[in-house]
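The same subunit A turns up in both complexes below, where it pairs with subunit B and then with subunit C.
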Partner chain A sequence: MQISNMLGLDWLRQNAFVAVFGMAVPTIIFLLFVGYPILYTVYLSFFSWNGADGAKTFIGLQNYTDMWNDSYVWTALKNNFRWLVVTLIFPVVAGYSIAYVLRARLVPFPALVRTVIFFPVTMSLIAVGLMFLLILNPMFGALNVALESLGLGFLIREWFGDHRIAIYTLAFVSGWAFTGMPMIFYFAGLGDVPKETLDAARLEGAGHFRIATRIALPQLRPVTAVVVMLTIFESMRAFDLVAVMTKGAPFGSTTVLGYQVYLESFWNSRVGYGAAISTLILVLSAGLAALVLSRLMKGAFDG
Partner chain B sequence: MFNISNGIGRRTVFRLMAASALCMSAVAGSAQADPVELRYFYRAPWPSSEVYANWLIDQWNAKNGDRIHVTGASVDGETYKTKQAIELASSSPPDIFYSWEGGRAAEVIANGFAADLTPYYEQYGWKDALVPASVSLATFDDKQYFLPTEIGASVVWYRTDIYEQLGLSVPTTWDELMANAEKIKEAGITPFNLANQKKWPAQFMWSAILVNKYGLETYDGLVNNTIPWTDPRAVDVTQMMVDLAQNDMFEDSFNSVDLAPAFVPWDQGKVAMWYQGSFNLGAFRGESEKCCTAPMSFFPMPAFPDHDPVMSVFAEDTLMIHAKSPHKDEAAEFLDWIVSQQAMTEKLAIDKPFPSRIDADLTSLSQMEQDLGKAIAGAGAFTFMHVDHAVSPAISDRFLDAVQGALAGAISPEDAMKMTEEAAIRVRGEVLAQAQN
Partner chain C sequence: MADAANPVTRTNVSRPTTGALKWVMRAPGLFCLGLFLILWMAPILLVLITSVKSNADFLAGPFSLPSALTFAPYKTVWEALGFSTLMINSVIYATLGSALAVILALVPAYALARKNIPGQKIIFALLLTGLMIPQQTVLIPLYDTLRQLSLLDTKLGLIIVHAAYGMPSQVLILRGFMTGIPKELDKAAYLEGASDFQIFSKVILPLALPGIIVGYTLNFIAIWKEFIFGLVFLNSESNFPLTVGMLKLNSDRYMSVFNMPAAGLVISQIPIVIVFILTYRKLSSGQFAGAVKG
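This part shows the complex of A and B:
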């Protein structure tokens, strides 16, 4: 065997276009715009820097020990997980349910319903936040008025003012905007479930609930893995709604890690500390993604 | 081969020399004609602010554009800090930029971005032309670093119709204010608007109570870190705010109500008083030609026994010249235009009050606004900024969270001030340690 063939040079010569535009260029772009910023963020997390002057002081792991003792970071971390739980339950379950209903044609005009449900995904979260600020306004918001008129006034809450529920309000709003995404994934996935399987289940007397939960869902494991992964990333990078709706208030109870990064880096001029929190987000996201891949994706594509 | 002694060659050389001389003089001429380019980075929190800034720039460029040409770039009120940090540290920073007063300004100065404007204060006579309190706010270590272009004050706004209806008179002491508030509450009207969803509004009342009850020196001690935030006086004021909240002195769900929606019950006459800044006059004015949509007036936060009342006067809009600007003199000339009587008078027509110039013509304003303008101008040099202006954001953010938490009943006033003190120690711990030693 020739050396050039052993080194794969022959393949490169024959597939130069693929090698350059399919591999080299994307790799360079990735390293430049994703890899380098990530590495630089990790590097910055070992420094004290106000972002304004050129003087960066190396402080080792000080930012990480500060983070460990910072109650705001802990609150933010807990809030990210609360956010994740809400968005894993509400939009994913709702998205799957709607997708099944649409696929089974249990509602009229399924294409229209699908478009309407998907529409919020295309909206800016800033616009969504401003809209819900009005809807949930305690003085004249539509939700409280609707609850009152339905005789459900006892359910009225300070949706943003009560520190015990404010984070769930934000996560719910995020879920509302996000529902269309799992719906569209599941809708596509349900199309791949063999018709024979579903027909057989119907002949066996299974109802829609049983088919949806016992027959279709187990076959959608790869889709669920992707949806869960997207939900994790969506929850870990939560920022827009907090920034536009509460700014972490009341009492810092709605802060999330992404908002803390912004606050510390730009507001409090602690760029190194903000970088340390960013690194935490990176580690958490990667860890959770690895967990999902190892559990949900394992054997998902096995024949 | 080219021969310099050749007749044609000599003529060619002369022609070339003549042409070169012409070109050089043309280039020199055009260099002289090229105006100095100034970049002006301003904050435009209201639509009217943008209109006014454009007017300022257009007027200037029409008159002086051939000599000093100004290009503006605006930023809204919310995101200016993020953009400012990036702009100032960039390789081509703006020549003139907006900066908040107080703690934020101190950070900008400490980072070496702000030019010393003291010589320009002398050259253009700004010290005498501007409201004394605003000059005092611009002074750091006996040097002036910014030019205040808009000033404001925090006062108790009150609905005159409700006061008349209930037979109340304007209070001059804290006890009278509380007595009025009780009567208002009994009449089924909310005594005070707080609108604390974004957590900064409550600090207005907090700092005013502290200054008026315990004196300016106590407040200065807190913000300058010579008195810890856990001081019993700071805790007491937080407790007073909590008591007001628990006694239903503020609107329902005050921690869920943002500032803009709070104008609805105000305009509807469902709230009688509101301790807030004069920067809200644009909103109070609404669509009316003159202030205000609702019948209203103001009084300063009443005094406590043994203390003179102090009104908070602050520099709402302030401009700095970048230390690295190669055109500081030209920038100062443009700043002088901004605080000229003509520009300040136009500001009243386009934007909201108040101009920082003492002799600005206020006659186009409503009587109430004129009275407030005079009160601000006469407030003297001794005044105070609210906490988020007075200290760095790292401390004030914790303070605002803490007070909001205390008002919500989530933490005690003691814990609220402890939270603030922890942030202060982290940011400026050494200063406090020295002071205590």
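This part shows the complex of A and C:
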């Protein structure tokens, strides 16, 4: 074997085109459009900058102390966590229940059910938001009309006008659109659960609820970890529904961190401040993800 | 999805119930089915019905059926919002953006599936970062970069951004599929004197084709849904994708009678429905879920 071959030079010469374009181009694009922007956002968060001319002034932690005193940021932060709690419960529980019911063949037309629940995953949140603006409209919306005719008139609300519930309305709409994802992941995961385990439980007389919660679910921890991670990132990046449905109204009660970034950076020309809020989103997402990984995964990403 | 992979069904063997009793026992399941179907189908069906109502029919209430089908709302909203431009733009972004993402991802996915690259864990961490990063956190630097490259408010600029953000998930999905290809095939080809590139293009690529189709479709849908990049990086209406152009529907002009926004919604979803019908068996069987799990 020649030395040039041992060093891989022959391979490189033969495959220079593939090696260079195949590996280098994706790497450069990734670094330029994904890696560098993340670092630059953190860097910018220590500056005051209006975004237009070149004058960036280093102001240390000023943006962060401003954030501490900004009631909109606090509202947004609370709203992101409300959003997270709703989307950790509603779509995940619904998604898992549907996946289990489908796997256990407890309902007719499983393919139809799967399609119907998964379909909203393919809709843009702008379309979903517009759709629920129509459904939840206080005057002509189908939901209030339906509640009225079912004799549940006392449940009628101004779903977007009432500042106490508007953020939950948004979170539920988001959950409605998202349910297909946990369903698909759990559906795939349930297919991998050894059937002997479930057979044994069934023979011992365990009901479906018990099997679903006590026997199948503990075996699906890696799936749950992925689902919870997706849910965390989905709720931390919440933006589209707010932009199309409420624009933060009423009285800024439905703003979220992502929407504050957009407002401060591109409407108020406080780019450094926007970058500081971005950094907060980044730290929250990464911190929550790390927490979930350390608690739920325990080596599932190895190898 | 093979029936063999269905553990719960087999347990029926231990339950010799028949006839009416069986259906009583199934009642909770059927109730769930009904509830789920209503919750998830009703909004879509109501929008479909509203979109073909005349203004007079609309005032009869959300659950009334239209006295006659009218497609006037479609015509009006199509012209008022310039749906032909929005539609073409979204198709351009989704087809080219995801094509570029898949092409860029092919070699890295192959390398991660077959070669011992130093620092694999770091690469995976970076890919997951790219996959999970909230778009808001990169808007400002990206805006700046695009401005310096004179790509702000251009279709090319948005296509590149979409490709860059589609690439990480494509690498993970394709790597998942490529890892599933038996290594013996590479070895056999290698022993017959095939070069690395030949193994990649003649052995791996054809076998990874289902994965490529799944990845491409998922990316297509993701770009079709994407909103914030288009909102921030584009100014000219001639470049807007559907998601940005449709924002206009939420204004008094269109929201006074719901048939127009409903028609706009239906229009915006038609191309995705076509893609969905062509590929949903692959997508909803959760094959990609396994690939993403790594």
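Just so we're on the same page, the second predicted complex is superposed on the first by the 268 of 303 C-alpha atoms of A that agree within 3 Å, B and C clash if a C-alpha of one lies under 4 Å from a C-alpha of the other, contacts with A are read in each partner's own complex, and residues count from 1 in each chain.
Here is the rule we go by: contacts are C-beta pairs under 8 Å (C-beta built on N, C-alpha and C of every residue); 3 or more make two chains touch, one makes a residue touch a chain.
As the structure is a computational prediction, the values presented were derived from the model and not from experiment.
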Q: Scan A:Lys195 for contacts with subunit B and subunit C and give back first, second, both or neither.
A: second
(Q) So in the superposed three-chain picture, is A:Arg105 touching just subunit B, just subunit C, both, or none of them (first/second/both/neither)? (A) second
Q: Using the superposition on chain A described above, determine whether A:Phe140 touches subunit B (first), subunit C (second), both, or neither.
A: both
Q | Partner chain in contact with A:Gly51 - subunit B first, subunit C second, else both or neither | A | both
**Q.** Contacts of A:Thr231 with subunit B and subunit C, given as first, second, both or neither
**A.** neither
Q) Per the overlay, which chain contacts more subunit A residues, subunit B or subunit C? A) C
Q: Considering only touches as defined above, state whether A:Phe251 meets subunit B (first), subunit C (second), both or neither.
A: first
Q: Considering only touches as defined above, state whether A:Ser269 meets subunit B (first), subunit C (second), both or neither.
A: first
(Q) Tell me the contact category for A:Gly161 with respect to subunit B and subunit C: first, second, both or neither. (A) first
Q.
For A:Gly35, using the defined touch cut-off, is the partner it touches subunit B, subunit C, both, or neither? Pick first, second, both or neither.
A. second
Q) Both subunit B and subunit C contact which residues of subunit A? A) 51, 133, 137, 140, 262, 266
Q: Sort out for me which residues of subunit A touch subunit C in the complex.
A: 11, 14-15, 18, 21-23, 25-27, 29-30, 32-38, 40-41, 44, 51, 94, 97-98, 100-101, 103-109, 113-127, 130-135, 137, 140-142, 145-146, 176, 179-180, 184-185, 187-195, 197-199, 201-203, 211, 222-223, 226, 229, 233, 236-237, 239-240, 243-245, 257-258, 261-262, 265-266, 271, 274-275, 278-279, 281-282, 285, 289, 300-301
Q) Can you name the residues of subunit C that touch subunit A in the complex? A) 1, 5-12, 14-15, 26, 29-30, 32-33, 36-37, 39-44, 46-47, 50, 58, 61-63, 104-108, 110-111, 124, 126, 129-130, 132-142, 144-145, 160-161, 163-165, 167-168, 171, 195-197, 200, 221, 224-228, 231-232, 242-243, 246-247, 249-250, 255, 258, 261-262, 264-265, 268-269, 272, 275-276, 280, 283-287, 289-290, 292-294
Q.
Which residues of subunit A touch subunit B once you look at their complex with the stated criterion?
A. 50-53, 133, 137-140, 158-163, 246-253, 262-263, 266-270
**Q.** subunit A partner contacts - residues on subunit B that touch it in the complex
**A.** 81-82, 85, 88-89, 107, 111-113, 197-199, 252-258, 261, 264-265, 392-394, 397, 401-402, 404-405, 408, 410-411
